Amino acid sequence: MKLILPLLVLLLFMPLLAFSQVPPEPAPPPAVPPTVAPPTDIVAKDTPNDAGGSITVTFKPSMDDGAKPPKITGYDVLRSPAGKDSFEVAGFSPRVAPEPVGRINDSSVPQDGILYVYKMRAIGVNGNEGVSALSNPARSSQQWFNTARINALAATVLFLIFVVAFVNRARVGKSLFIRRIAGLSAVEEAVGRATEMGRPMLYVPGIGTISDIATIASLNILAQVAKKAAEYETPLIVPNFDPIVYTVAHEVVKEAYLEVGKPDAFKADNVYFITNDQMGYAAAVDGIMVRDKPATNFLLGSFFAESLILAETGATTGAIQIAGTDQVAQLPFFITACDYTLMGEELYAASAYLAKEPLLLGTLKAQDLSKMIIVGILILGALVTLALRSGWVINMLNVG
Amino acid sequence: MNWIQALFKIDRRILFLLIAVVVILPLVKPLGLPTAVTIHAQNLFDAVDRIPPRTKPVLLSMDYSPSVMPELQPMSLAIIRHCLARRIPIIIMTLDPTGAGLAEDAIRKAAPEYPELKEGVDYVFAGYKVGGYLAMISIGQSFQATFPSDAAGHASKDVPILANIKNYDDIGLIVCIAGSAIVENWIVFAVTRYHATLGAGITAVSSADYYPFLQTGQLCGMLAGMKGGAEYEQLLANNNLSHAPKRASQGMDAISSAHILIIIFIFLGNIGYFLGRRKKA
Amino acid sequence: MDRRIPLAIVLVLGITMMLQFFIPSRASETFFTDIFVRWGLIIYIFALIPSVGSLIRHHWRKLGARKEGWAYSIVTLIGLFGMALIGFLDREHVLARFKASGLFRTVFLNIQVPMQASMFGILAFYMASASYRAFRARTLEATLLLIAAFIVMFGVIPFGAYVWDKIPFISEWLLEVPNMAAKRGIRFGVGLGIAATSLKIILGIERSWMGGGGKA
Amino acid sequence: MFSHMFSTSVWTWIAAFLTLAIFSFLYKDNPFYRFAEHLFVGVSAGYWVIIYWYNNMVPNLINPLINFGHSWPHVSHVWLDGLVIIPGLLGLLFFSMFTKKHSYLILLPLAIILGMENGLSVPTYLQAEVLKQAQGTLQGIHTPFIAGQTFFLINGLIILIGVIATLSYFFFSREHKGVLGVSSKVGIWFIMLGFGASFGYTVMARLSLLVGRVQFLLTDWIHLIK
């Protein structure tokens, strides 16, 4: 802010600089640069859907806007409290043509509720300029509802209704069919294999934070895996990248041992934090893979570039690898290097699937119904676009 | 048949060793595979080349961090060498907090190749500026106020190359090398607002976003990824301007040969797989 | 403590945040930046303390029990305490982030950064071994994967255009059309899955984050 | 002679040694890698502790409490500064995780974080991933159709079919048979083509990082490349 004020003042004096550079000898008459046409129809309006402090100015561009070679470089927006003549530069808009209307947000309005007027100045290539007439007075204000997000609200409410409705159906005992998900059917087998071989299991919850839902999904699956590990008394190693994820993982595993009645079998030392550094974490997990030789590796959660480092090292140790992430860019690497890969949504479905909890399964039905609606919108939207040459479905999906 | 099985499961360490060899060899003994120069690289080269010697300087903004250095540093070096060879003054700056080390490094490499040229007269590092696009506007207002001194602390009015720069009008060409959206800021503020001429060097991944700006002429030329750096090095060599090691070209050689090696391996693996399957059947 | 207390907190805060998304007013913005973001950061920091504690304990126990590889644990502990100590003593240089001087930055640039970069370098080797092992035309699906990767790898190097000048075009088409379609389709599901999982947690249907005691 | 061939900087030697130690893992696990890995973990954990301390803890918790009433630019928000004591106290509850009886107390700070994060993600993801993606898919048909670009229109339609097919693969409540079976099969084809392309494209980026590392070894450490 401190930088902007002097800059604005400087900008105000820019026209003066143009004068000071007038050559000493009198210029021949035809060399006087023609003036540029000013923009017209300056309209000021409170910017909708914001926290105040902003006014939107729209204008019709100068007649010289579309000229080739360019005659103007753009427009300065000048603001003054209504009734006073103390204009200051409040913004800049590049050339607008071929668009018929220019629009610029002045988000430096000093005070809500006070009337301001605007004028605009077309800046010519040669330093000449064209100043517009004044706009209508306008005041900025804050809003209490973002109308540009009505469609998002509708989607949220609709989705909420679906979820609640299907969960209630599950609650009254309606059975819900869910198809087999290959990676998840393998979990049981993977635990059994580790037990048979007398080797530990490695559970890597990824490098996401607790705000990544993939991490939460992973912790939900961890709860199921930990229970099985506790039953069979197979050691379970859980190295962590994120501090909060570590605290939750620790609780989840501890409670799992408690639940199957073997609280003493829980080794706090097997669930630990490594480092908050992406590659440092990857290096350490690689170390665990080659030294402790886990029979099963779970790589579930949010993964980035380290995905292939972990998956490929795991593949060479001969472990069964079950991976899953919602980071679409990493899925190709898991698919090539792991035995089973849960793609995107399958990861979220997993904990419901493993827990076989009807209430949890209810939301899967809600998701499927929503998918059918999306497919409907896509087909309808394509038909409307092609048959009517209209973009109204597209505009309906506009979000602010 | 043992050799079929061998094709099917080549030890990964052999694979690793071969990758290391095909990456290292071209770096040590350049293959000099020809690089096809794209029109965008040629345009940038011409834009620099057209500036008359000892007049308006080139402003090179190295707006990137060490993580994209392999791709972008060769571009910066090539631009610097081009200017030095042609005696076009060059001012280097950075808008990235970690860029200062890279800029100093580039000067330390290129400048000794032209011992007759002097720091402060033919080239200078102006330093890091905080604030991103605000710094770009600030240069348009007053270069002297934006850079009151160079990175070494000499007052700008005492540094010959900087002393007469008032704003973008006194700069022949801006070249922005970056891996991020900061190029777009340069376009909006330096080009649109102050009608400066701008060229850019961009990482391969982000370069696709900038082709529209080449069509509109808001970028006078562009280098894309390590290949772009290699093209510029090729142009320098073609015009007999610099025979310094061509880092990006060597890198491109290494990358190309590694790609081909991987493709060959995939091929071998599949042949082994098919022959093995046929035998079983 | 009653298990319902954390569940109530999650429900109330969850609904508040959902509403916040639709309210642009100043009070709502203040709530978001000054409470949501700030409180999150502070709680996060406190979680770091027991976490680093667990790292120390892990290596300390190894050391105490003279477990296999205990000597390496000393390296980790020295690195950890050394770096923290330098940081606390060298406060000025840590804060002046834009200067490439000071021991803290030197250690960072010459120990941590090279190892990060080397791990990234290892990735290049692993891409080779993974593609050699996995890109086999076993099934129709695997063949599609193989062909697409093959064409794009040819397309990005100058050599590809020499072999057939349409290759760069096809590789771009693969990236922009089928790749785009698959990613979009997956992301629809991801968006819905995230919203569903979040709702389950807010509504208290999914409680495994509370450990076994949170059984529905 | 030595300085002609090798770097004389101790730090460069350290960096080169650690680089080689990490790469040695490609052969097999060995004491050098193990040393580097353990050093990496320790130093980076220490690094992040320091960074979080100075960048988060000091400005967000310690300064507001020490300079209470002065640190905030807007006077009306002073009470918000005071409120940071709440997450501070809640944060202390994390220490309960090491106790046998009271470890459930960590559920309080967790509930705060989970409540806020999950509430935020419901509308955000429905908007960003669902509405926006649907719009983008339709836009890909609308724009070339209006402009009369046949090639791009066909691409847009292929994307539309691919999106619907991929989406149908993620349909959980029915067996993939009949129409759903066909479309989910087509979905898998799209996924495989996309993943293959994306894999192939990434090879270049990873190789350029490896090239950067090798160039460091051969120029900064051994002066082999001039």
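As written, the chain order gives the labels A, B, C and D, with residue 1 at the start of each chain.
Simple rule for what comes next: a residue touches a chain if its C-beta (ideal position, glycine included) is under 8 Å from a C-beta of that chain, and two chains touch if they have at least 3 such contacts.
What you see is a predicted model, and the numbers here were worked out from it, not measured in a lab.
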Chains in simultaneous contact with chain B and chain C: A, D
For chain A and chain B, chains touching each: C, D
Chain occupying the most central position, where position means C-alpha average: D
Higher-contact pair (C-beta pairs counted), A-D versus C-D: C-D
Chain A and chain D: spacing of chain centres that average the CA atoms, whole Å: 12
Centre distance in Å when chain C and chain D are each reduced to the mean of their C-alpha atoms: 4
Length of the line joining the C-alpha centres of chain B and chain D, rounded to whole Å: 26
Inter-centroid spacing, chain C versus chain A (mean Cα positions, whole Å): 14
Chain C, residues touching no fewer than two other chains: 18, 21-22, 40, 43-44, 47-48, 50, 52, 55, 69, 112-113, 115, 119-120, 122-125, 127, 129, 131, 133, 135, 145-146, 149-150, 153, 156-157, 183, 186-190, 192, 194-195, 197-199, 201, 209-210, 213
Sequence positions of chain D contacting 2 or more other chains: 22, 25-26, 34, 36, 40-41, 43-45, 47-48, 94, 97, 107, 110, 113-114, 117-118, 120-123, 125-126, 128, 130, 134, 137, 160, 163-164, 167, 170, 191, 195-196, 198-199, 202-204, 207, 209-210, 212, 214
Interface hub residues of chain A, defined as touching at least two other chains: 149, 152-153, 156, 159, 211, 213, 216, 244, 247-248, 250-251, 254, 274-277, 279-280, 283, 291, 331-333, 335-336, 343-345, 349, 364, 367, 370-371, 374
Partner chain D, residues of chain B touching it in the complex: 13, 16, 23-24, 27-28, 69-71, 204-205, 225-226, 245, 247, 250-251, 254-255, 258-259, 262
Residues of chain D that touch chain B when the two form their complex: 26-27, 203-205, 207-212, 214-215, 218, 224-226
In the complex, chain C residues that touch chain A: 18, 21-26, 28-29, 40, 43-44, 47-48, 50-52, 54-55, 57-58, 61, 69, 112, 115-116, 119-120, 122-123, 126-127, 129-131, 133-135, 145, 183, 186-190, 192-201, 203, 205-206, 208-213, 216
In the complex with chain D, residue positions of chain A that touch it: 149, 151-153, 155-156, 159, 176-179, 181, 210-211, 213, 216, 244, 247-248, 250-251, 254, 274-277, 279-281, 283-284, 286-287, 290-291, 329, 331-333, 335-336, 343-346, 349, 364-365, 367-368, 370-371, 374-375, 377-379, 381-382, 385-386, 389, 391, 393-394, 397-399
Residue numbers on chain A that touch chain C, as the complex places them: 49-52, 142-146, 149, 152-153, 156, 159-160, 163-164, 167, 211, 213, 216-217, 219-220, 223-224, 227, 240, 243-244, 246-248, 250-252, 254-256, 258-259, 268-269, 271-280, 282-283, 291, 305-306, 308-309, 311-313, 315, 326, 328, 331-333, 335-337, 343-345, 347-349, 351, 355, 357, 359-360, 362-364, 366-367, 370-371, 374
